[in-house]
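Letters are used for the chains, namely A, B, C and D, taken in the order the chains are written, and counting of residues starts over at 1 for each.
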Amino acid sequence: MNHLEFEKPLIELYEKIEQLKSLSKTSEINLDQEIEKIEKRALMVKKDIYSHLTPPQIVQIARHQNRPDSLSLLHLMSDSFVPLHGDRLFRDDPSIVGGLASIGGHKVVVIGHQKGHDTKENIYRNFGMPHPEGYRKALRLMKMAEKFKRPIVTLIDTPGAYPGIEAEERGQAEAIARNLKEMAAFTVPIITFVIGEGGSGGALAIGVANKVHMLEYSVYSVISPEGCASILFRDATKSDLASASLKITSEDVVRLGIADGVIAEPLGGGHHDWNAVSKCIKNQIVSDLKLYSKMDPSDIMEERYQKFRNMGQYSS
Amino acid sequence: MNHLEFEKPLIELYEKIEQLKSLSKTSEINLDQEIEKIEKRALMVKKDIYSHLTPPQIVQIARHQNRPDSLSLLHLMSDSFVPLHGDRLFRDDPSIVGGLASIGGHKVVVIGHQKGHDTKENIYRNFGMPHPEGYRKALRLMKMAEKFKRPIVTLIDTPGAYPGIEAEERGQAEAIARNLKEMAAFTVPIITFVIGEGGSGGALAIGVANKVHMLEYSVYSVISPEGCASILFRDATKSDLASASLKITSEDVVRLGIADGVIAEPLGGGHHDWNAVSKCIKNQIVSDLKLYSKMDPSDIMEERYQKFRNMGQYSS
Amino acid sequence: MSILDWLSKKQKVSPQAEKLNIPGDLWVKCKSCSEVMFIKDLEKSFKVCIHCEYHFRITPDERLSYLFDKKSFKEIDGGIKPIDFLEFTDTEPYKKRIELAQKKSNRSEAMIIGEATLNNHPINVGIMDFSFMGGSMGSVVGEKVTRIIENAIINKAPLFIFTSSGGARMQEGITSLMQMAKTSAALSRLSDAGVPYVSILCDPTTGGTSASFAMLGDIHIAEPGALISFAGPRVIEQTIRQKVPKGFQRAEFLLEHGMVDMVVKRKDLKQRLLDIVTLLGVQEG
Amino acid sequence: MSILDWLSKKQKVSPQAEKLNIPGDLWVKCKSCSEVMFIKDLEKSFKVCIHCEYHFRITPDERLSYLFDKKSFKEIDGGIKPIDFLEFTDTEPYKKRIELAQKKSNRSEAMIIGEATLNNHPINVGIMDFSFMGGSMGSVVGEKVTRIIENAIINKAPLFIFTSSGGARMQEGITSLMQMAKTSAALSRLSDAGVPYVSILCDPTTGGTSASFAMLGDIHIAEPGALISFAGPRVIEQTIRQKVPKGFQRAEFLLEHGMVDMVVKRKDLKQRLLDIVTLLGVQEG
């Protein structure tokens, strides 16, 4: 597993524990007490680190290579899952996945950005950055959900839209905009989870939801800290400052009224326990859908509309 | 002007008339009586030829290089015309044109296949053979018509869908099929004119109409006579036979119950008088729309549905 | 079953399998990989080559037996028959072609429709038969597709259509073209009724069939290697002199190009359809 | 008008025109073709270069005067003002940036909305002002776009929005991103109401503005040469090291790629809008 830089004190303790364990085995000296002591200390250090995370550190966790990905979470939380492909227009975009699923007895349509866990996967998935056909695939699946009255669950995990020639040629601005407009009018509930990076328009394009939940160490931002640093701060090295200024952590986004709640992650981050993460998401889905199953379709649409209608701070 | 082969006797008479005229000018001999005689004869020959046209001859007229094209007809018959472009997905396909128009006081959305009158134009227009984006542009405009309750007028003039790699890659089967399905559900009236070639799926993709009118020398066919000859007759030279067997002339197609009526063309074919053709089409549009303006939207849809629902001959 | 019965049955159901001159005729050679296998093994594997997974074309009866509950299929409108209303003759009269095809297939047309059950889920089914005049769509196929759609609108059970067709039936002229509009229009009403439609695209699905009901499924499943196109490779190469790339217009190509949801091996198809019916087929509330 | 007034006005409205050191300052040099022309001639030609037809960026007031009936524009909600709710500071505090922009433009934000008439046809109008912090969309722009949409839903008159914007206003963080959803959602209701919306895309229309209300018109009109993109050329070149081709993401490129209906010269725009309003704007029956 890749370790994050700020976990260094912790990693050193773990290494010590390993050394002692191996020593105790080869030398037959009982070091159990020693080990236990250091283990306790490690836990304290871990708790300490994770209770004082800075925004840039959270960004690192959100982007962690072992962060649970959409497909894995969907498989973990679904009783049954049928992946569907294609926008029926141009291409199947591997950076957006989706399909039919049964989650805790609820039959839903699921959609998510898909990153990889190694370079090969990431190239195939375009690092989770959709082309227009990805948004259009998502829209096709959402329309199917609306047609068959299935709630929609989306998982956001993307650095953002893809800044490439072909993505522009094929109209990614139009594709994103259309999703925003169409999602506003669906009468089935839409539940969104930001599970890693929520990057700009590429994230929002599947995020116009009745409920937007953020995993504890996920981020949601109008622009990447790096982009913001180079454009606004005119200094690419100031991305840490930018990440703090932009207010992108789950706590901040909820405080701003943009997300509805934070879903706690296992101590040390979701990448240590995908199963636990999937369970938390599943529980949230089940509890949300219980609520919406009693609600009128037009009220569900109205709730979502008003939620976004009221976003913004200004003086009049 | 290009002359058709079967007009040869006529052309010879015209040439004679020209010779006499020029002779009478240079020699100052009065040949008016002679000329008048041959002119009368030419008219008789013309009437004779055009009252005994064979299907392959009609195919030639339908494909005539000076056949009035959609854009020209639209400009001629519209009081006001705003061309619109693009499928909002991939490309603007020059082989399909369309826009907003006012025709005889009726505000409508118009769509048509577009051929050229010379090689350069034809290459630009892909000889009137759409790519998928053409059908998708047409669908976008038709949806706009439905949204704003504007009747739809379509002009069919295409050899057919484009048998090319890119057209297949981008899903022309899907694009045609989707149009057929969506057109069935529109509540605004759809009036279609086959103005030249009505070639296969590429034609039908804008032809699911309440009224399908055919210009006298237009054809409408499931496959080109050439294609049919090489596939069914296993002999590419038998296209004349195929064109007769397939029953593709306006008269035949009306007799089969697929088209609603024939719009007479000027003697000698529409290519001699675009203006006259445009007036006939305009009159038909105005008279049709007068009818539909009194009809309930759901009845308009139902009429179109039943029309196509009942096509087919079988024994049960 | 006598050996003669068995042989005659085999001949009917394995049009693509090259018969070998081996005593008893118990072997077939795969058209794709040229490997030889026991016909019994081929049949056990859903008529999929045990060496290269090439999917042989199969008959409607075989499809029914692979997927649906035993004897659950009840045919609808089996008696609709084609008419030669254009008195069309190419290298042979259409009338004669029809008779021949009917005799060969023991079926009146290139498609059967009916109701069946899939693990007790009621399903509306349409299956095309490529061996009947290339599965071409004339008035009868168009009418049958439309009727099974209308049936689904009434009984609200999911609709599965298995396509295998060279396109429109030219011998019925412009009327065959109109079957595209007719079937697609009917599907528009099926959509309004909220009934799921799964289109299963089998080899080959081309021309007017692909450009109408085959491409209008809520979900598109393709059989591995199936040719799916509007204009097929030969038409493209002949008409515009473009050489088509390898794998062009095959099921896997269409998956990449966003036109089908999945390519499913014949042995996995039943479970996949069952999952879809479970997830999409039963309306809540 | 005194020469000083005239000068100060000119400076405001011609940010792209390079001033020449010629007595009286009556000349401008075109940014595109470098030709020099009388500023009077430039203004007579709708701020379009008389040599190369380069379309200079213009102010909302100029747009109003070019298109709508004299004094017909009634501003709506001109008093909504931005707040620095994140206490954001980059190279300068957001608060200070706002103040500066307000002072420079004599406007409270990067957009005006209101009602006007076009040859007596009532129109709902929104015009963005690129000179105000790059026309960036924060809470105020988002709210104003939404309000003019809501206004149109009530009065049923067509909506024209002239976009000119670098995208979302980063200084308002995630809240600025949400303006994309908010404005697009409002347009969904405008569609339901059957009110025509013409989006006029002016130079530049990029980022979150292009990926929301700018791209959701019933009809898209682009000004010649306008840059229209989500990720602009510089972002693409920097991020993925792709060199963009000439003309990429310009109005004419978008026309070819199916994203806009027409590219209309400024001098022809009024007539075109009038035609559209006549053909689309008045509901029959």
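Quick note on the criterion: contacts are C-beta pairs under 8 Å (C-beta built on N, C-alpha and C of every residue); 3 or more make two chains touch, one makes a residue touch a chain.
Predicted model only: the values in this text are computed from it and were never measured.
Chemist: Using the contact definition stated above, find the chains touching both chain C and chain D.
Modeler: A, B
Chemist: Nearest whole angstrom, what separates the Cα centre of chain A from the Cα centre of chain D?
Modeler: Inter-chain centre distance comes to 34 Å.
Chemist: Per the centroid of Cα atoms for each chain, what is the distance between chain B and chain D, given in Å?
Modeler: 42
Chemist: Per the centroid of Cα atoms for each chain, what is the distance between chain A and chain B, given in Å?
Modeler: 54
Chemist: Can you tell me which residues of chain B touch two or more of the remaining chains?
Modeler: 88-90, 170-171, 174, 178, in rising order.
Chemist: Got the chain C residues that touch at least 2 other chains?
Modeler: Residue numbers touching two or more other chains: 191, 257-259.
Chemist: Kindly provide every pair of chains that touch.
Modeler: Result of the pairwise touch check is A-B, A-C, A-D, B-C, B-D.
Chemist: Can you check the complex and tell me which residues of chain B touch chain D?
Modeler: The touching residues are 80, 82-93, 100-102, 107, 133, 137, 144, 147-150, 293.
Chemist: In the complex, go through chain D and note every residue touching chain A.
Modeler: These residues of chain D touch chain A: 77, 79-83, 85-86, 88-91, 138-140, 142-143, 146, 168, 170-182, 184-189, 191-192, 207-208, 210-216, 228-231, 235-236, 239-240, 242, 244-245, 248-249, 257-259.
Chemist: Spell out the residues on chain A that touch chain D in their complex, using ranges where they run on.
Modeler: 161-165, 167-174, 176-178, 180-185, 200-201, 204, 207-208, 220-223, 227-228, 231-234, 242, 245-248, 253, 256, 258, 304-305, 308-309, 311-316
Chemist: Would you tell me which residues of chain B are touching chain A in their complex?
Modeler: Listed in rising order, the residues are 88-90, 132, 136, 170-171, 174, 178.
Chemist: Flag every residue of chain C that touches chain A in the complex, lowest number first.
Modeler: 191, 194, 196, 218-220, 255-262, 272, 275-276, 278-280, 283-285
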